[in-house]
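Working notes, structure below.
As written, the chains take the letters A, B, C, D, E and F, and residue 1 is the first residue of each chain.
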Amino acid sequence: MYELGVVYRNIQRADSATADALAALGSATVHEAMGRVGLLKPYMRPIFPGAQVSGTAVTVLLHPGDNWMMHVVAEQIQPGDIVVAAITAECTDGYFGDLLATSFQARGARALVIDAGVRDVKTLKEMNFPVWSKAISSKGTIKATIGSVNIPVVCAGMLVTPGDVVVADDDGVVCVPREKAAATLEAARKREANEGEKRDKLASGVLGLDMYKMREPLAAAGLKYID
Amino acid sequence: MYELGVVYRNIQRADSATADALAALGSATVHEAMGRVGLLKPYMRPIFPGAQVSGTAVTVLLHPGDNWMMHVVAEQIQPGDIVVAAITAECTDGYFGDLLATSFQARGARALVIDAGVRDVKTLKEMNFPVWSKAISSKGTIKATIGSVNIPVVCAGMLVTPGDVVVADDDGVVCVPREKAAATLEAARKREANEGEKRDKLASGVLGLDMYKMREPLAAAGLKYID
Amino acid sequence: MYELGVVYRNIQRADSATADALAALGSATVHEAMGRVGLLKPYMRPIFPGAQVSGTAVTVLLHPGDNWMMHVVAEQIQPGDIVVAAITAECTDGYFGDLLATSFQARGARALVIDAGVRDVKTLKEMNFPVWSKAISSKGTIKATIGSVNIPVVCAGMLVTPGDVVVADDDGVVCVPREKAAATLEAARKREANEGEKRDKLASGVLGLDMYKMREPLAAAGLKYID
Amino acid sequence: MYELGVVYRNIQRADSATADALAALGSATVHEAMGRVGLLKPYMRPIFPGAQVSGTAVTVLLHPGDNWMMHVVAEQIQPGDIVVAAITAECTDGYFGDLLATSFQARGARALVIDAGVRDVKTLKEMNFPVWSKAISSKGTIKATIGSVNIPVVCAGMLVTPGDVVVADDDGVVCVPREKAAATLEAARKREANEGEKRDKLASGVLGLDMYKMREPLAAAGLKYID
Amino acid sequence: MYELGVVYRNIQRADSATADALAALGSATVHEAMGRVGLLKPYMRPIFPGAQVSGTAVTVLLHPGDNWMMHVVAEQIQPGDIVVAAITAECTDGYFGDLLATSFQARGARALVIDAGVRDVKTLKEMNFPVWSKAISSKGTIKATIGSVNIPVVCAGMLVTPGDVVVADDDGVVCVPREKAAATLEAARKREANEGEKRDKLASGVLGLDMYKMREPLAAAGLKYID
Amino acid sequence: MYELGVVYRNIQRADSATADALAALGSATVHEAMGRVGLLKPYMRPIFPGAQVSGTAVTVLLHPGDNWMMHVVAEQIQPGDIVVAAITAECTDGYFGDLLATSFQARGARALVIDAGVRDVKTLKEMNFPVWSKAISSKGTIKATIGSVNIPVVCAGMLVTPGDVVVADDDGVVCVPREKAAATLEAARKREANEGEKRDKLASGVLGLDMYKMREPLAAAGLKYID
């Protein structure tokens, strides 16, 4: 499916205010707001805990064991972007370390999401450059084959189109299509609006069974209580 | 990314002569002819050995543990199609058995490619209905939530757009974009054209080192022989 | 949870006529008839295709890399039994080969279900002694530590109590509690009774959508067709 | 094996003083004290490091991708309980987040042990509500099917009966049957009693070889030293 | 650890009569005869069932996604050899297909053992060229980087030195060091010598408990029978 | 391949100044300096973040579920050593806890690298005794079978010879053969020498494309820019 050897320089990014605002909602709420789709597979984990970001996707397609295109994608980064890296086959090599992170950060990238491995993770943490990856590995890569930049890619099981919004935190990584970003933000905010009230009720000992009026449908579904 | 709750009835299928002809080339040759892209992850395995098929993709998006949409996609099958089923989260449940296979076969489907499990595999083999799946499992599914039919889906790590050509055999499953089907067929045939001659040479004891003139580039790359 | 170092000689087996009759229904139908519970994890695979058996469970708990108790359980086998072997930790060693199979078969065992590895699989196939296992491995085991026989065990994620009925085929392995065996057999037969009629309808081109009257509930769930 | 659609309201919990006291011993010592059984599979990991708890098990059986019963089990929690959640098939979805944690905490639960995924992990850490899980995932769940509460369940390969004691820390999760809780506590304390003395000896440079008098049995087993 | 870019042309192969004779014993017996060491990890599976071979190892070290050295090793094959291929990182790509198999077979190779993927498996079966591999995959490889031939390699967790004997069948793959081949053959034959007699006894219903005189040591270990 | 039941007391360790100096370079740089070989599989992870060590390898071969030889290897530790533990089959049991760590630390060991599990990880962190392992598990082990000490072992896919240098940090674990330690240190230092300058350039916004003069070779490889 992939078009190889091309770099798209002009992509249409999601509205930056919307893209920026989604971080605060978090990946779980955003995922729910989209109707429970958009989530990358849960093997994608942050290399250090606590980061919570959103931004517009620039994508890169790499070959196994070859990080040449990482330098190509660096040039296409604009402030507020998150780089999303897909590989044409399964690979855990360390495609990305502190030098590339320095370059990405200088270009304004907020994070890297990569369906492979990274290294120099201690330094990346000190630089506060968050990465969500499938692996951590010292294994280096070569620079011999060309992939593509800013084509739609499948990363950890999810299609990411350049310009989409990526939301990532300790719970995982969600991709919001550009054209759904505004509606998703609104839905996510609505979802969160009454969470505080719910939390207070639950904290006071009210049960979800009562708060959500579940007793009747549970009985209708056949649930029996036995003393 | 996924649009939920929709069934696209009119999709543009790849030219059927082209789609049919690709089976004979096999997944490995077709994958090479496309520039080594298009392959679904190798965990996708045939439920019985020996089947080699190609056809046009109709796609279905399912929820974990819920096969309701399988009945919806059945109606959209045309003779020569291969059903490609994706799930919104990882799942190994048995979404498909002999009754659905009977229905799919009656509609003209040639195979199922599913990123989950199937069951009744002994009967499916007797029916000669090939399936490439991630798992075999007796685990049944419910019919409670709706997904979509004939939207682009990510199946086993690969984007499949309705109407694309799917080629599957004992080596795996490849997706050929509709618009590249003709060029891929031509490239694959060219690739295969001189394989007979090569095979004869190798069978006679000629080495690939000589046939492909690799000795010089290997030496240039630094290879040393030690006696 | 496990009681170690004990062999229960007197267990209450499920009615043998019922236990025998469940094989013909197959693991998928039996699993459905129980309300979609009772299935061992799908990593349990037959070492050769085509076997379809049922029988009463005698259980054995083994330690990693130690098959001593396999000889102890052999004595407790009665004709019509299936041995269910659990291990106290994850292990893929080959606990069972042609000699033990000869002994089990001589005692009347119909099959082995083991959450670990087996070996001599070519010979086991020639002997027609079916095994469902997690792995195939030449790795031998020692005889140094004692486990238990005929205590309730967890095998591949499922609790199996001695005397329960085990049903296994190419789709997987299901455990039917002794006290539910008769009701399950009846439910499974009922389930299968009208499958022939359904199959004929589907084969004639009738859609499941119509046969199961799904169009209305799908529309109610929000499914939209787009031309 | 599982009885579906039932909630047992009256379970017999292990003695609370015993249940409480086991936390201090830790999962490794408790596991040894029981004869090296009772451990849940090591893929069960804490969502944040440092928590060390014990408590009485209330159990819940859930279906894949469906967390409805989490609200049902909440009502059955008593102060000092640990909720143990099993799923009828493999699933990594995020069944549990900050709202449910608020409710569980309000009811007196000390922790959750779940053979699936959880989300809102940053907030859970802030709330100091520990969870041991198989995965972390933003993936939400539906509320459509009923399971059971307070039946015996298999969680991460281990049978847990309601009222058993669960001990969990950074090393893993152990289940102590209710009727063995007192004896296990005593055995664990005995085990720990002389650990301080051993530690001092080892710290002073004494070898385990000498402290445990292993040189002779090692030689008897055939160990040879080569200079 | 690996020396890169070298091809050792003169290796000392195990005695060919010994190497040939080990096939008949099978991997499980040979593994036992060596004291339960030498086994490659059990994820190494034959691409078709029934093959049982032994031969002398020629080794090749490859980089991920690059099969260039396969052509280099072909030249070093002598009749009776088995090629053992290791990769410097985890990879499932299809390094080997029918053309290379034709070349290997023409040179006298008996099999390939590869810690990665192969393709054209249907043709390989027709050619009766057995392969033990970690994966089957259509994914092709490039020819860009050099590894080594006939250096000691780690394949599927086991060290294989050129000239060692490899024994492979449906149960797995074992490596016998050259200098231990003769002793291993003798030990394996001794092991097998009295298997026929044992098998007859067990088939007649004699228990291993009695044949191996296990009742007393089991009782000494604390085993209790409960009626 | 393994020689069982032997303890080599006199091994030739790499020069200690060299071994000590490699820690500061880190596993990724050292791995590159060796030509991208020597890395243990990336499933080897530190039990707590931040440790960065190097030292000379003393090796131990253990059987699954049996840690007896851990006490034997303790005696062979000299200040500056790192213990490398391999297992004859896959195992996740907790072979090592705070008591053994106390002993190892008292003997001068800097770390443990083990292709299995460890426990008491909270205490190990408090002791600042770093471990790189495949798993964390409370599961205890027995002391019944003998392996070997200071023989070459395969640990996490890599051959480690006693006296080699091990370098481990948050990125992974690398093994440097003794005879290559000095050359590797020099190559690694050279590699690092101009990293500061590169980092400054990249931080100022210079692209790797320009700094490494990649534009021309990328164009030669066929890369196209599309506006």
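Here is the rule we go by: a contact is a pair of C-beta atoms (placed from the backbone, for glycine too) under 8 Å apart; a residue touches a chain by one contact, two chains touch by 3 or more.
All of these numbers come straight from a predicted model, not from anything done at the bench.
Visitor: Considering only chains that satisfy the touch condition with chain D, which of them also satisfy it with chain F?
Guide: Shared contacts of chain D and chain F: A, C.
Visitor: When contacts are scored as defined above, which chain pair ends up with more C-beta pairs, A-D or A-B?
Guide: Result: the pair with more contacts is A-D.
Visitor: Between C-D, C-F or D-F, which shows the same interface as B-E, counting it as a repeat when over half of the contact pairs match?
Guide: Looking at which residue pairs coincide with B-E, the repeat is D-F.
Visitor: Just curious, how far off is chain E from chain A if you go by their C-alpha centres, in Å?
Guide: So the centre of chain A lies 43 Å away from the centre of chain E.
Visitor: Distance between chain E and chain F based on Cα centroids, please, to the nearest Å.
Guide: 28
Visitor: Return the distance between the CA-based centres of chain D and chain E, expressed in whole Å.
Guide: Their C-alpha centroids are separated by 41 Å.
Visitor: What residues in chain E touch two or more of the other chains?
Guide: Residues 36, 39, 89-90, 92, 139, 145 of chain E each touch two or more of the other chains.
Visitor: With touch defined as at the top, which chains are paired up in contact here?
Guide: According to the stated criterion, the contacting chain pairs are A-B, A-D, A-E, A-F, B-C, B-D, B-E, C-D, C-E, C-F, D-F, E-F.
Visitor: So in the complex, which bits of chain C are touching chain D?
Guide: 1-2, 4, 35-39, 41, 88-90, 152, 154, 157-161, 164, 175, 177
Visitor: Residues of chain F touching chain A in their complex?
Guide: 26-28, 30-32, 36, 39, 42, 45, 49-50, 52, 169-172, 174, 195, 198-199, 202-205, 207-209, 212, 214, 218, 221-227
Visitor: Can you list the residues on chain E that touch chain B in the complex?
Guide: 5-10, 68, 70-72, 74-75, 92, 94, 97-100, 102-103, 105-107, 117, 119-122, 135-140, 143, 145-146
Visitor: Can you check the complex and tell me which residues of chain B touch chain D?
Guide: Those residues of chain B that touch chain D are 63-65, 89-93, 139, 142, 144-145.
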